[in-house]
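Structures given as structure tokens follow.
Here come two complexes built around chain A, the first alongside chain B, the second alongside chain C.
Here is the complex of A and B:
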């Protein structure tokens, strides 16, 4: 094990400072519970909802519903955007076909086209999944394209000299060489999808962690809102760690070119 | 030393955050007299629209006026809590929520008592002709609204458990879209979407029928207490304008329909029709309501929200009574 660096201590201090500030600010009683609920009331609302659930679903069901939406949309993204991106990077004609669509919708805020999606696909799961899918597709696609374009000509020429055909080059040279970028895209996509989740649960959801936060905010339940946001934050970090772990397993040569 | 530096940074962070947290604390603080009034409106079909059309707010209040349009009482509450607006329009449900959550407001005016202007509509062909038929169906309404409150009570009165239906939380424009695509079977909504749904649907019950059974919903104007304390004259004048507007609605409904239709950009017939679906109170009725029944209505609403587990607790009736005042109506009527 390496010795923890000073940076780790600094990060811990930031987190500790925020938590201490939270305690100090709320314990003096000068701050209204509506604006910043005390850590105690947030913890209590966590326990209550853990025990009794929130509006018909337990906390795990809320989280599970959201994760199910996220994971399904994400897997769809992975199996479509990665091949599409790699092929687009390899073949400029395919890229020319797909890129205009991506370039157009990528900068759009999801809420702007969510109304259209609900009109087309209804208010059930389909439109929510479609929204998350679209949110995740672009980042993966773009980094896959960039990953292939970045590959040194030498690698490909080298393989050609050794008698590799186009198919072999794609699978044995391009795919592994682009993997680092693919994973960057996968991580970004997960982050973008996760931030879109609340938007996806804004319309006609009856469960989901994002919905829970939105619903609680309607009733000015800041304690539940805080709790939900903290849970979402921690879950987000965990999801990112999982991708990083997978990346480490797959690209064991990372950083060694 | 490095560590003293780190501690200094941490201390600075704590102080900044605490100071930042302090910014949010608008409740309970006193304000000085303001030369401005920020009004939050929902464009509900009542005197507020007439006052807007006649430019009374800008011309007669004697202070600089800013009017901000909101979509729901929930957003009005947030704006009141943060001090972004001074007077806000909201239904009894958001008002009860605000008082239960300790937002420092006072109810100064009852804009209207909701009648059939909020209605539970079932889509033609969905096989719904009574509340009992709603079992197993999808019903949409904007949660935490007066319509939501009415819907839940309508179900409760018929002994239907919430788990026997699918309740969907949607803003009214989304309800309209979902209705057109056949995603929902029924909805409890207000105008203008209500008008759209009735073209292809039938009324199952409405807030007038519920009011007869004791489930009263109304739209109010609330003021931030700190603003009212510092600017009582402006608030009194505001209420005076509402009284003047209600006079027009109750005595010259043709003119009222004309003005409301122009303000909302709807047809005059629609406006005239909608006016008949609310009750508008004159000064005496306002004072009677504000002094007697209204705090109870808010208390009932809050208690119901507790029963729904939407909020943890509701304050006692005394607190609601202290949050409802006829003071400004009395002063305005005397002017």
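Here is the complex of A and C:
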């Protein structure tokens, strides 16, 4: 779907208005630099950290550490939650086995069970990956189940009358038909994992973009905090765009039936 | 079986159908031992809030090779349910249903189905949709590829082979659906109000196509509709179901479809004979309300 031009301009106006308000508020000197650092100081701290790094690691290393955690946990989620969800949708017995676990931990705030995970796996990477994995698993699983259940009965009946067996129906009918919902789950999961990651790094880490922000806040370096938050925001948007782009390539029929 | 099924179908006595024949409700027009499908005392109930609700009661008739049966009935008479039982989607509560003497157990490709809303697979092209059946049945590709071309040609969609499903109109989708079911060469083609959602002009053209395919291939067709005119223009035999629970209240041979083909009697629906049949069936159905 192409965004109509006027809407694009309106979005640009919103962003521009926020940036201008930021400039005006900070240049008048009425706001304390501690609460809202000026755009100039934020930009300068970005340049400094880009050049010199922050506490032993470059900015890209911090970002890279975070992304590595995210990508590994996310890929684990995709290869396990998608099949588990699709099979659960197709077979109510499998669903009955898995669903209680999901239903229990899904509403919990991830940081609540993070303490248990650190107890079991230590404070290093393993517990963070497990946390992100669990946080991402539920949304993918749930939307995959919903995607299969939503499939019209005639799709499956039709395949049966054409001579397909149960296995063929799963791969040639159920899977493609559920793809739209699968991608909804994939997008949600990426968002959830990203927020969880930053939160986890703020609790326990020695590197990563979330840790950098938390560490800077201890020294009241709000310029660095702002810079970090802006980078997180932009990264989040980019990640979501990547998923959207993949979705558009894969589901060419979406929104046209 | 050559062309003799056409002769057996219905022997018109003399000229056109006589008005007296409209009251025909006698024995089936066919010979013992040639049944394709035997429907024997079929009942179907489903559980409602106040106990079981009967949808079909004592359905009892045979389907013979080469017939074009149209089942008419008011909405809610269970005519689609009957089709689903023949297709094997649901099991009858009582009675038996046999294909070539063998009890129908579940769904398979021997009974092709054309649904009201064609469940075509949007992720495939028109071509791959038609090829779906043979591909699933592990027919070698070099065997089914020419068949796909042949059936696309039959339904007049050769030029649309590589289109996506969402690029097709409603009528074209139904044509793909027909080709997709026919390519498996099923023993019978079951059609569940296939043209109900189409506009008048499109509907006429797919009706003509269906009639032509029936006549050219000799395929047995079981067709559900609520449109009396459609039934008369297509069928070699019309079965009328009553409302709640569905029972067979009329079973008459008709000959208009054959006349349209053999005598190119395109304006047959304006003849008094057609009108009489139409009146009679309409009255029967309206009496059910």
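Throughout what follows, the second predicted complex is superposed on the first by the 250 of 257 C-alpha atoms of A that agree within 3 Å, B and C clash if a C-alpha of one lies under 4 Å from a C-alpha of the other, contacts with A are read in each partner's own complex, and residues count from 1 in each chain.
FYI, a residue touches a chain if its C-beta (ideal position, glycine included) is under 8 Å from a C-beta of that chain, and two chains touch if they have at least 3 such contacts.
Predicted, not measured: the structure shown is a model, and the values here were computed from it.
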| item | value |
| --- | --- |
| Partner chain in contact with A:252 - chain B first, chain C second, else both or neither | second |
| Partner chain in contact with A:101 - chain B first, chain C second, else both or neither | neither |
| First, second, both or neither for A:173, with chain B first and chain C second | second |
| Touched partner set for A:25, first chain B, second chain C, both or neither | first |
| Touching partner for A:8 - first (chain B), second (chain C), both, neither | neither |
| Contacts of A:152 with chain B and chain C, given as first, second, both or neither | second |
| Partner with the higher number of touched chain A residues, chain C or chain B | B |
| Which superposed partner A:219 touches (first chain B, second chain C, both, neither) | first |
| Touching both chain B and chain C, residues of chain A | none |
| In the complex with chain C, residue positions of chain A that touch it | 152, 154-155, 157-165, 168, 172-173, 176-177, 179, 251-253, 256-257 |
| Touch list for chain C against partner chain A, complex | 87-89, 106-109, 111-113, 115, 117, 119, 121-123, 132-133, 136-137, 164-166, 180-181, 184, 186 |
| Chain A residues within the chain B interface of the complex | 6, 9-10, 13-14, 16-18, 20-22, 24-26, 30-36, 52, 55-56, 115, 118-119, 122-124, 203-206, 211, 215, 217-221 |
| Residues of chain B defined as touching chain A within the complex | 2, 6, 9-10, 13-14, 17-18, 21-22, 24-27, 74, 77, 81, 97-98, 101-103, 140, 143-144, 162-163, 166-170, 174, 177-178, 181, 183-184, 305, 309-312 |
